[in-house]
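Listed next: structures, encoded as structure tokens.
Paired with subunit B in one complex and with subunit C in the other, subunit A is shared by the two complexes that follow.
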Partner chain A sequence: MSLVHRFVHPRFLAHAAAVGLALGAAQYSGLGADTLMAAEPDRQRQLVITDSKGDRGMLAPYVHRKNGIAYLYTSYIFDTLVSQDADGNPAPGLARTWTRSEDGLSYDLELQPDAKWHDGTPVTADDVAFTLRYMAEHPYVFGSVKSLAGVEVAGAHDLRIHIKRAQYGLVEGLFSAIPILPRHIYEGVEDPFRFATSDAAIGSGPYRLAAYDKAQGRYRLEATENHPLGRPRFAQIWIVKMGPDAALQAMSTGEVDVISYLPPDRLPEALGAGFAVETSPSDHVLRLGFNHRGQFQTKEVRQAIAYAVDRSALLETAFPGVAELAETGYFQPGSKWKSEDATESYTYDPARARDLLLATGWTQDSAGRWQAQGGEIRLRLLTDGREVKPAKVIAEQLEAFGFAVDLRVMEMASLRSLVADGDYDLTLFSSSTLGDPGNISRRVFGRGWNSDRFPADPKMTGLIKAQAVAQNQAERQEILAQFQQLYAENLPSYMLVNPLMATVFNDKLSAPFMSGGVAIGIPSALHKSIFLE
Partner chain B sequence: MDNASPSLLDHSVPTEITGAGSRAVERFARFLSGFVLRLLIFCFVIVLCAVLSRMMPGDTLEVMLSTDFARGLGAGEVLQLQEAMGLGGGIASQVWDYWGKLLSGDLGYSIPHAAPVLQLLLTALPWTGLLILGAMPVFLIGGALAGIEAGQLPGGTVDRWVTPVVTILASLPPFTGAVLLLLLFGILWPVLPTGGAEPLFPSTEHLGRAMGVLRHAILPMLALALHELARFYFLARAETLNLAQRDFIVNARARGISPWRLRWAYIGRSLVPACLSRLSDTLTGLVSAVFFVEIVFSYPGTGYLIYSAILDRDYDLLQGAVVFMAGVVLLMNWLIDGLSAHLARRG
Partner chain C sequence: MQVTSRRRLLLAAVILLCLGIWLAGAGGLLEYHSSKEVLAPPGQGHWLGTNEIGQDVLTGLILATPTTLALAIATALVTVSLAVGAASLVVFGGPFLSALVLRCVDILQVVPTMLLLLLIAALVSPGFMALFFLLVLTGWSDDVRVAAAVLRREALRENVQYPRVMGAGWVYCWRWHLFAALRPLLGALMVQNIRQAALKSAGLAFLGLTDPRLLTWGSMMQSAMDQLYTDAWIWLLLPPAALLSLLLHTTLTLGDRRLRSGAVLGPAV
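Showing the complex of A and B:
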């Protein structure tokens, strides 16, 4: 008779009971995790790192997500020829030694004799030669082998790499950037962008990928035996997805050991809880970019905008306590390439800005609005969702100075296409100043949306070319000092603020941010050397 | 109670076609035509999605290479990569290729995830399914129960207290509801996890693991259910008010049957067809609401997958997910409509 009664009632009860049980389980939250961890034979030797995003893809060179953090994780599993010491200087990696020839056109490398792939096969010069050839055939996003002329295998662990043109930055650039692949695994792989089985993650690094849960964004790395660079400090490293709130809470209960990137405004909580916090400017500087093919062709107009923008007010309003004023001459304090000579800092000076604009022929109407060729000047300011706050402050400052500003906040891919079409006047974007200065050419003259898109300037281009082929560090530094003066004067883009980054550690380990960034210039403290004894 | 059916349905029952043979055949034909209609809609969705997604500015490779660390690839290298990734040619040839693959049952390959789309969907769908299926009893039973209580005594205590609360709940978009729940039970009174689908270190035994999964699902399920709860509450309340006037209820009351039997066997049972037909259009709403909820709770379901596919311009994944979800929704919708029409007819 009462079909509904019989059908619904027990179900409902069961459901209610399940909810009740689950709520009950909330009372002893974390117990499951604790018991599991206690069951581990060597609990102290486990390290748990949190990442707010989680899934970074399979940790193999061609298939991880194309960002710095995914590259960083993959570097725990794959070695490069040259590694870094704690100060960020080149240190032996897979290559024990490297010798530059007199003419600078070749390098002799001697590999670590006892390096092994995670499947036990020895790492040989043949693998290195194979990797360089393979990357010529299948472009690798984080390092180009275009500058290489050829590779000669001289023995099981000896090889000579020939390059087309002498370049100073090869060791800190290419040799430190590209992961060496196992020939016996990758040889038969036609399309490495679709090779994402667990075999793809067989590297020679100190940790091997033991488990990867894509849905949960969780990785388990296991220490290898006898890595030539040292004994792994932790038997296991977990990388788990966790937002900052949950991470801080889990750190207090001892469930996690490192919060990879804590938003700097949460620092007081971390410090209050007594954790070791390492902070550093990210050197991913927020810049005001100009359309050099539109309103901002002349240097004076760009300088006028720089004087009209009050960076200190921007810092206080949009970045209270979480950023520093940026240097206007490209390199930021802490970089070994930063020049000692001061560059123009464009202290807020609207009067000077006005004079500069009037001198270039722009006029101001009675209401103070700027005019050029009889029409009012409208500035289209583009930015993506991450920079809305500073973009609003800058738009207001420029409005107050007499410009009509169209602020357009766009999704990244749409923004890129507008920039490529030149359909803008100003952009607000963050871009790194880290990595080997070999990348300056692309960052300043490149056509990408996060490049300055500065038209070829003979003086600056000359300096950039000269530093690339410099014979030694001192010469390179001197050339780059001149470049910095020119950069601040010409303003390919106006460096505004340098946001801070923070990593939180408990007592298991702690390390400062690596000066100059990790490998390709990733601002991080978590270089793999800190996980080695 | 045959004549009660039309008022219980929120859409009109198709009028009968004269001379179309026996009633059973007619009903079956209507059931089938419903399927054909949905199949047409499905095809339209596939066409629209394949073309529209590729009309967004930027493409997969461009987005992949927009990282700050990528070296500048030469034009030749970019072409080489485009070809290798199947992004060469114009929109037309890409769409054509995609349909070819789709017809042979291949949902495509996600380049940014480096995995077949089907595999990605199969990992994500169970989580989305868990949230939707878990939310259903909450709003169906909870909404109906409260609605019956309120409808039996309009202006009574239950009605006076519950109706305003439910009205407020109804005005909250699922996104806001999710954030509120997160704030209340995840942060201010941290009894439930704030994100993810499982604990940091899931238990190795089945019961423990299931418990962990359930705990993580509670808040997103509630967030999903809260919004729909209001629809079923008002539906049940209105229908109960309506039914209270009907002879068979008055009669039953007069006979002095127990209040619980009246609620379940008389009112509740009469509500089933109405609730079912409402459920079929609720499904679409649930599927779109689950996206927001998953994003708020970093829940590893299809919503999260689709969101990332849009940002990455991951065409195959976006299309695969939309085609899959549209297929599931239309199929469920067809089945529920068929079932509710059947129940309504039977009374």
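Showing the complex of A and C:
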């Protein structure tokens, strides 16, 4: 396929020619208004979404960028076995039904009989079995198939998935997370991480990728026909890169329909212009991370820092009206896993912080500066360019408490390497608390710079493992309630504030943020079901 | 003579003022802290309003003065001296030295500054001195060719050639003939470097090269840029920008009166 054809689809040329002809004819016949009215539904059938960042990589499972938004866009093109309804609960996706066996060791799935790949080939149980095997060989970043024992294909649209140990979260976890790949395309691909041609984006989702311009960060998706979950509402969806100013401007002239994430402090402008605005706590909680291998090995020292940081002052200073105080026990209000019992909230209490530190052997000199082993304590606080405001406030609070703080705002690559080398004391980062709790382990014990990097803790690890194999939701909730108490007490990281997120819509469509997040826990209102009739 | 003494008086006053501010800051008389009054417009409590984390803009401007002046002037002085020194080597140093210096300049100009900064940032620990060092290192090469061109032209003039023939050394000629001819250019280069130092230093904070809390007029302007869509830019951006303009203007005036008001071609007053 030539380059021109990839970017300018023949059908688009045909449309352009048709509109040109119609306009030309209108001039001669004097029927301009009527002809333009006829062209209007075409505009109605097109949706333009803005993205402030732009390029998210090729929208195929192995080559999209490793972040939630890239996953979200890819989900428009690739279906998962299980989808979500408007409340965020499991709903049929590629699988029409799923049945858990008595012993919980296998699932019987029946696929949608009329699902098709974008090239017209039917989707079969073979494709699903292939995907699960393929992902065992080539791990996919947003879903691990390690817990599966095997797949049995029972018919063109029937299959049975065996799992190693009975676990409860499979439907909302793995089945909802991994995109099903077309066997006839991916079978011959040795290294999917380098497979980024247009064929790589052949999925079975309601929209297919028609054009991708990497330099401009622009995507054009086109509706498919006969998708089993419903008829696409829009003939085309454009995703274009645009900053908040340009996006607001373009929205008022009608060129843009959805602003995917508008910084919440810009909301008054959007509301003033009369657009529909949906807001929600992002559950991408801003956290104070500790170097658990450095000065913050003991939990009392971490707790002291928590008492020394005034979260409400931070909220009112750096996030006035655009965030909520976070819960300290990991899960945030609105999550179905959030425990009823309150966790320690570490209300600002410098006296208590001082007592805790003195008890661990730290001392304070006459000027109030903290000392340990004879030397002044200097805390190196690292963060990236997005969190400068809160970082300044926290540094100020810690200095007022008697620490010397060395605040450094890093560019991402250096930040990662400094954190990996343990060359820091505190970090300020945001990380999601959404998604199936199966991902807690990675977020708490993972080694990434935006994980808590908490050292192995038998008690917490035990609970995380126990919840994974719990037999029902109530049991899982009970185990996770204990986990939340432990999290708040041990402080793998200190949850500070939960910033709000906002999506702006015009009159073409609007939808609230999906409860519990989309699929793997992406805080978004743009689940693909809202683009279906 | 009167001009010179007035200049000295001004310089002394500025140094005293900076010392005073520095002492007041260290002694806790001037506190620059965040507060819940975020982006408050100028009024009774805050004469110049507050910034995005509720810090008082007027206090910030005062506290930023010594750092900004010291950083800008020191950087500009050292940068321009280095550039003129290198230009002298290019013009008078013979073919080998000249080629060596020019190739160094080429390399510094071709390698992206950002890359260079990141490299150095890995080696030095951040702070005022590191910032000064980085600014000088990335700044001097830009001025070498300009200074060399003027020097070369001046060195060929009769008023230099004549004493040379009469046995005067290069140092003498430099002191009495070349330097005088270079002065207008030096003034302009100083202004340019002061401006660059003030603005570049703010950008470097975002590479982890300095503490973002290091307060300069440039860093205040940089953080004001985020507020361009609100009215707050009026009290966040304009005051430091005005002070910076004043600094540049004063430098020009002190440097060479002929450059003031753009009257370059007029007779020296």
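To be clear about the criterion, the second predicted complex is superposed on the first by the 492 of 533 C-alpha atoms of A that agree within 3 Å, B and C clash if a C-alpha of one lies under 4 Å from a C-alpha of the other, contacts with A are read in each partner's own complex, and residues count from 1 in each chain.
The definition used in the following text is that contacts are C-beta pairs under 8 Å (C-beta built on N, C-alpha and C of every residue); 3 or more make two chains touch, one makes a residue touch a chain.
Computed from a prediction, not measured in an experiment: that's the story for all the values here.
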Requested in this report: Considering only touches as defined above, state whether A:523 meets subunit B (first), subunit C (second), both or neither.
Outcome: neither
Query raised in the report: Touching A:281 in the superposition: subunit B (first), subunit C (second), both, neither?
Result: neither
Report task. Could you look at A:414 and tell me whether it touches subunit B, subunit C, both or neither (first, second, both, neither)? Result -> both
Query raised in the report: In the superposed model, does subunit B or subunit C contact more residues of subunit A?
Result: B
Query raised in the report: Can A:243 be said to touch subunit B (first), subunit C (second), both, or neither?
Result: first
Report task. Tell me which partner A:448 touches in the superposition: subunit B (first), subunit C (second), both or neither. Result -> first
Requested in this report: Would you check which partner chain A:142 touches, where first means subunit B only, second means subunit C only, and both and neither mean what they say?
Outcome: first
Query raised in the report: With the two structures laid over each other on chain A, which partner does A:61 touch: subunit B (first), subunit C (second), both, or neither?
Result: neither
Query raised in the report: subunit A residues touched by both subunit B and subunit C?
Result: 245, 411, 414
Report task. Provide the residue numbers of subunit B that touch subunit A in the complex, in ascending order. Result -> 56-58, 62-74, 77, 80-81, 84-85, 109, 111-115, 120, 123-124, 127, 137-138, 141, 186-187, 190-204, 208, 211-212, 214-215, 218, 261, 264-265, 268-269, 272, 298, 300, 311, 313
Report task. Provide the residue numbers of subunit A that touch subunit C in the complex, in ascending order. Result -> 244-245, 266, 269, 313, 316-318, 320, 382, 385, 388-389, 391-393, 395-396, 406-411, 414-415
Query - subunit A partner contacts - residues on subunit C that touch it in the complex - result: 33-36, 38, 52-54, 118, 121-122, 126, 205-208, 211-213, 223, 229
**Report entry** Touch list for subunit A against partner subunit B, complex
**Finding:** 1-5, 8-9, 11-12, 15, 18-19, 21-23, 25-27, 29-30, 32-33, 36-37, 48, 54, 57-58, 62-63, 65-68, 71, 138-139, 141-144, 146, 191, 193-196, 214-217, 240-243, 245-246, 249-250, 255-256, 284, 411-414, 416-418, 430-432, 435, 439, 442, 446, 448-450, 520-522
